[in-house]
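Below: one structure in structure tokens.
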Amino acid sequence: MTRAPSHRGYWIGFAVVVTLLTIAPLVLPPFWRRFVTEILIWGLLAMSSDILIGYTGMVSFGHSAFFGLGMYGAAAALLTVKPPNLWLAIVYGLVGAGAVAVFVAYFSTRLREIYFGITTLVFSQIFYVIIFTWTEVTGGENGLTFGQPGLGLPGLGSVPFTPDLLHWFVLAVVTLSYLLLRRITQSPFGMVLQSIRENEPRTRAIGYAVERYKIVAVMLSGLFAGLAGVLYAIQNKFAAPDFVFFLVSGEVVIFNVMGGIGTLVGPIAGAAFFLLVREGLSRYFEYYLIPVGIIFVLMVIFLPQGFLGFLRRRLNQ
Amino acid sequence: MSVGIPVDQILVQTVNGLVNGMILALVASGLTLIFGIMDVVNFAHGDLVMLGGFVGAGTIAATGNFWIALVVAALVVAVFGAALQISTLRPLLGRDPLTTILATFGVSLVLQKYALWQWGPSARNLPEPITGRFDLFYLQYPWYRVATALLAGIMIGALWLFLKRGKYGIWIRATTQDRVMASAMGIPVPWVHTAVFAIGAAMAAASGVLFGPLGGVTQTMGADFTLRAFIVVVVGGMGNLGGSILAAIFISLLEAYASLVVSPAQAVIVSFVALILTLLFRPTGLFVPTPK
Amino acid sequence: MLSLRDVHTYYGKSHILHGVSLEVGPGEVVGLLGRNGVGKSTTLKSVMGLAPPASGHVSFEGRDITGLAPHHLARLGIAWVPEDRRIFRLLSVMENLRTGLDRTGVDDARRAKLLDKVYAAFPVLRDRRDQAGGTLSGGEQQMLAIARAMMLEPKIILLDEPTEGLMPRMVSQIREIVEVLHREGVAILLVEQNVALTLAVSSRVYIMEKGVVRHQAPAADLRADQAVIHQYLGV
């Protein structure tokens, strides 16, 4: 079972990381500033996926659906309601992602591993096709563009987002999400999820209503993934069907595995690593995904715990 | 009751559905065989189709002969498939099925980007080996399409015969049913696995070449084939060869009919729905007798 | 010919065999008795590479075969007849036999002879030649499992509880088979719950308890004085 690392060292490390991320926009050039914000958003998506893969043991290729629905939900709010309201965008996005999550949750209780994975993949594709072809509503292939809302606080009015402010907002959301998810995964609920991953029949035999736990896990996972989609929409001011294509889900799974499943932090690190490599390598070698892909396959074979798992084992020795 | 759609359109789509179905059956047979014998969900299967298409295109460019290209593509991809299985799948035998999905997904990614690198983003159109059309109702229907369906059918038939008779067919069926006991009987199970993967890869490659003149070969076609093959395999019953073939035809027919009322891009939703309904009500497969 | 020395085997984290040592000489019939769960089947599986030992050695005809894959062992002349028979249910009787019969280096004449021999020993298999293995009765499946092993022309057969679930008439048929095999010089390591049968056909018997061999004696001695058996098996 995944245990929390020693408390003091952990919180110090945590504080250091958050501080660095907070300072980042002040010291980095604009491109990298934006890049760090994006890493955080993808990190949130990867983290949400970890709830299912790493903690409950359910592989999902459907996160692109949650992400995409969150994105388009936010787009809907920002396009239909004037003036564009940040919180409404978040709500719409969460509702959109949540609706999909309900479906997926239902299937999670009826299907075993592989079939569940394939079904989530198919779901992503269903949404992809709908979004891609329903041009009048979703903008089809070209997606939707919209204006960025301001950071509106009740009673204080709305402040337009500067890249820095947006970055801090995203950082706050992601940090809070992380803390919340961490709390959940370390709670008794989280322990049950892990025991489902390790041995589902036994968990059921002990008397836990496995179905209910799975449903909650899927809902949680879907909502946080949708939140990531909302953040992405707000940052980039567009929504496109590409993000709903199942290969995006595949990339998320890659983040998870490379970083280390079942660690929450691992997937964020995996996302950061992957995106950095992509940035770095793509300047020199356009087809950087070939070596990265090969490394990924090798990791699956030899380092299934991911980087973090590997490090953790080394540190424990 | 008036359907509102002319009968001849329905009949034309029936023929289209059958043709597409046979190609899909060729792809899905390999996938289901591989799953049945080694519990591997080969995410890269569609990319093997794509590879076959490109190798075929290259061979045609070099030799001008479609049939040689078909054979060469099948052989080359078979060898590649064997190498792939030995290097990445053998070490994963007996581990969590999630790992093989991830590994083959990684392979799929590498293959797609490799194809992009080697052959560029534009589609290759393969020339039809059999030209000429015949009158099918209101259309001039290409003979080649009929030939494709026949060829695919012959290849599947050959596979069936191979499995049902002959020493190696018995080895494959025994290993599929009980790999431990097969090994205890002296059957070299690791090599049987490799051989089956190679056979599946060869069939996928052949599909790619056959499909070439119909839809062109591009590096993104893999994802589409993989997804459809998965759907077919699940609907037909995983590991069930006959079921996959029936399911491939069934689903292709459904899609063909659906494209009479919606656009082809949307017609594909029909197959998704078929999958979901199957999983909900007959999860072991539509064409499989209800399990006891 | 076959010897196990201090074999320790685990299933996951469970330590099943705690240092098993035993031997089977060429052409010998050796019995392995013990209560349920004591590790008898695991011992056979450890030989057959299905439950590779964590430590200790298994050797056959002087060669170390510890942990070798099953298909190598079959080729060396070790055949396994598992407790649940494990007939290939969707293969016909003939095809089941062919999994062992279709070996390299066996010409058609020899194959025909082998087949005739097995059909002579088990006439019912000839009758059911083209029937699917799964449609056979329990007793017929047991016969098929043994016949299939014979197709390998083995030097030793690892027989795991052949009489389990069989009617008395079949039990005596099994006994006859074992005796026929013995006469042909095939060694047998027989795991059984049926004490009488074991004592009747074996020349030596091992008794296991909790993952180790506790007692070893010629069958003749045990036939004469069954006290030791009662002690370990509570029978």
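By written order: A, B and C. Residues from 1 in each chain.
FYI, a residue touches a chain if its C-beta (ideal position, glycine included) is under 8 Å from a C-beta of that chain, and two chains touch if they have at least 3 such contacts.
These numbers come from a predicted model, not from an experiment.
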| item | value |
| --- | --- |
| Chain centroid nearest the full-protein CA centroid | B |
| Chain whose average C-alpha position is farthest from subunit A's own | C |
| Where subunit A and subunit C are represented by their mean Cα positions, the distance between them in whole Å | 55 |
| Length of the line joining the C-alpha centres of subunit B and subunit C, rounded to whole Å | 43 |
| Centroid distance [mean C-alpha coordinates] between subunit B and subunit A, Å | 33 |
| In the complex with subunit C, residue positions of subunit B that touch it | 167, 170-171, 173-174, 177-178, 180-190 |
| Residues of subunit B defined as touching subunit A within the complex | 41, 88, 91-92, 95, 97-99, 101-103, 105-107, 109-110, 113-114, 116-117, 223, 227, 230-231, 234, 263, 265-266, 268-269, 272, 275-276, 279-280, 283 |
| Partner subunit B, residues of subunit A touching it in the complex | 53, 59, 107, 110-111, 113-115, 117-119, 121-122, 125-126, 129-130, 132-133, 246-247, 250, 253-254, 257, 286-287, 289-290, 293-294, 296-297, 300-301, 304 |
| Touching residues (chain side subunit C, partner subunit B) in the complex | 48, 50, 69-71, 73-75, 79-80, 82, 86, 88-91, 95, 98-100, 102-103, 148, 152 |
